[in-house]
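Structures for review follow.
Common to both upcoming complexes is subunit A, partnered first by subunit B, then by subunit C.
For the complex of A and B:
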């Protein structure tokens, strides 16, 4: 991130390289150790599902908002997933205005790529009326603090948020003229959950 | 207005499922509130300073279900494109997270967010530096321009003017306050003011006082302190004479109002009353018992209620930063030195 961190003396560089050779990093971890991960779900009540994840100093908040919309004409029996990553100015003053845009696009494209495979998430489960109405899941990722390994943290947080997502049960009734009407269940516990078993996680490695 | 370059522009093609469900009953029995509070009770407050490790100072506040996080960066150099200035600058940027409200918000800062940012900035400025009387007054309805001009003129005369003292300590530099509303369940503006002030204090920015914010919703003759989201949006009392929102930013130990935002229809809020209210606050305590005045008074009571929590939180965060020196440790180190000599 900061340019001053990139400047290392030869001795410091050697210290890190030798440490890695002995399977030890400067914070005491072995080469293949993760930092401490904390995950919390259902943290924002205005959402359908949410999760907050802390990986070391990286802090991510993910909110999933389910809305109803029209499916793509090419895929009438599938719902939609939309990703958006917001590198807020809270995380680093460099992200102010459009500063975080490039990183945000990179992360959201990575998410789109891992969810583009059909086996990842069953999008047909998000269909309400084929070619008429479907669930649109807006997955909004808010980077509260950026302390490295953003991709892994975001993918983990998104999976947790999708796991906690509850879609209200929808009853579709057809009236006399064949017009279909949508009614939402009144019972807040009458909900449908998503199957996130196959949602992949990103693992980032750095070669020293 | 710049659009969101990351999305295809066009009308929103999806809507919230809440439209298809039954609306929960909003009407409540008179005398109680949905969460069982009395009219002049605050919700439980949680305030924690020092949450963002990279920031100079930061704070996180929960007012019931309303959650706000603020990060303060600086003082740092003003970007070169800005013009030269001998005094420091305070910048404030507020953003509602896209999932924070019941309807999904857009990613670009919209007009409401810009407006709220400005209110928070102007609420904080009197604490950090006082600019021309250091008072902000915004009315959205029911007041004419002439009244406003009158108020401003009276204020400049009546409010103590400190001048740009504290920001003078940081020439050519700026302090940035970034606020994100993570969840909005009413009183988001008040929470943002308190949170930003706690963040500034945590960052060690010199201030006369830490600003606390509080809101009151007026429903007819009822005054609901620290309104929740459903109380804020309820239509109750719309047909009656008085309804509206009052938000006050207070410098609690100086007992001065740094921001006063009125929104709605409060017919008794005349310019004369407000001016007398403000001068009364600055000089001493004779207030007229009118609706608006009463609402502002209730707000001030709420602000004073938050102040001990804010103080406690700042003491805790300072303790964490500067670990208390254990007297026994000092003695052993002195003994050790003596032993050596």
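For the complex of A and C:
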């Protein structure tokens, strides 16, 4: 059976359009109202931070894994953020096989653009040894169910996951030969949190 | 733009009022007694009667069958269904009715405009698309069932035909109670068609005089006033609230849910806790009326 998503009769379409003109959608919301949102953090145990978000019928799972790596040569005092988005085939019939890749790349690019700005997240907080070692945060976004408004949901979930990220405190000591040694604190409560106050959220508006 | 924020709370387990007696999963042994007749959802393995579906075991005298918890719509002759046209073919339309196969609506099973009674000609075949296109919603009755299980529909009465402005809600087919009539003009100011296949159509009140001679050919495309629109939105949210909490849908339950929801704003009915409250109030009121 072919996909029947988004197929409407002309009368139904007209009803919706007139509703938008009256600022009353078919489910009673005003044009600018969001659907019910549920956010849960720390859902995946072996990550540094995670979040699961439900927005209407959209379900997003984000995991943040922190690893140590080398900073970019052009930005020695900054850490890195890497995004990977996976539109699971379970999320929508259109994502069958490789159908979800295009959308996943679009979302990933949008996230990269947002976080490339200096005002979003202070990447210098992720630096351990300038031009030596830094924290690299691998943010993995998994779209479990796609029920509309994907960009908004993903940005909300990423912000929540980054908020819940706990980085172990790093102690840098110089040993006898002048080499720098990196030690991670053993105390599970001795952690550093990220300042996500300025992380923006995407708001999608559609013109009917 | 207001965002409703609450403190975190643990997820509530939905309380099931009456626990079902005998739940089975595929492969479970129902009984080893060979005196029973096998109904739907069962099969014989050695001398044991096993379930082939996940559901509740029902026993009527010597007949054992398994009613599935979640299933596609299985049509019966005489059911009222709401369907969406998926294809326009030679002398027939294919209609999606939430079943395993698309239903068939033959050209000979619809009323011609003006109520003419004549044999369908070649021009009628070419004019099929003028009446029903892909994406159009219709209300129809099941006339027959083909050997492969596909349904054959007809819109031979004036109350059936193409549906105009309104909102469609999809619920599970097992939640729509079988009643004498599935077309309800509710006193709150809207009409509801509870299709047996789980597709529910909510629209502005249908005036019986207007559709006397049209049978769905004329479409009322006037903008629906805001008051009617609110009623329709409220009914839609109530129906979804009842469906989420597994309450049977019929005119009384929908009406009680509507009345229980009046103290809340329409868009608040989308919040799970308010929807649960409306469903609980409706369940209590229905129990009081029957008990």
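The rule we apply is simple: the second predicted complex is superposed on the first by the 196 of 208 C-alpha atoms of A that agree within 3 Å, B and C clash if a C-alpha of one lies under 4 Å from a C-alpha of the other, contacts with A are read in each partner's own complex, and residues count from 1 in each chain.
Simple rule for what comes next: a contact is a pair of C-beta atoms (placed from the backbone, for glycine too) under 8 Å apart; a residue touches a chain by one contact, two chains touch by 3 or more.
Because the structure is a prediction, the values reported are computed rather than measured.
When the shared chain is aligned, subunit C comes close enough to touch A:9, but subunit B does not. In the superposed model, A:88 lies in contact with subunit B only, and not with subunit C.
In the overlay built on the shared chain, the residue A:122 is in contact with neither subunit B nor subunit C. Set against each other, subunit B and subunit C differ in how many residues of subunit A they touch, and the higher count belongs to B.
Using the contact criterion defined above for the overlaid structures, shared-chain residue A:25 touches subunit C, although it does not reach subunit B.
When the shared chain is aligned, no partner comes close enough to touch A:106: not subunit B, not subunit C. After overlaying the two complexes on the shared chain, residue contacts for A:46 are found with subunit B alone; subunit C is out of touch. In the superposition on chain A, A:33 makes contact with subunit C only, while subunit B stays out of contact range. Within the complex formed with subunit B, the residues of subunit A that make contact are 44-47, 50, 57, 59, 61, 63-70, 84, 86, 88-93, 96, 101, 104-105, 136, 138, 140, 142, 144-147, 168, 170, 182-186. Contact residues on subunit A toward subunit C in their complex (touch as defined above): 1-2, 4, 7-12, 14-15, 18-19, 21-22, 24-30, 32-37, 40. On subunit B, the positions that touch subunit A within their shared complex are 5-6, 13-18, 20-22, 52-55, 58, 65, 67, 69-71, 73, 76, 93, 95, 97-102, 104, 107, 176, 178, 180, 182-185. Of all residues in subunit C, only 1-4, 8, 84, 86, 96, 102, 133-137, 162-168, 219, 221, 223-224, 226, 229-230, 232-234, 236-237, 265-267, 269-272 touch subunit A in the complex they form.
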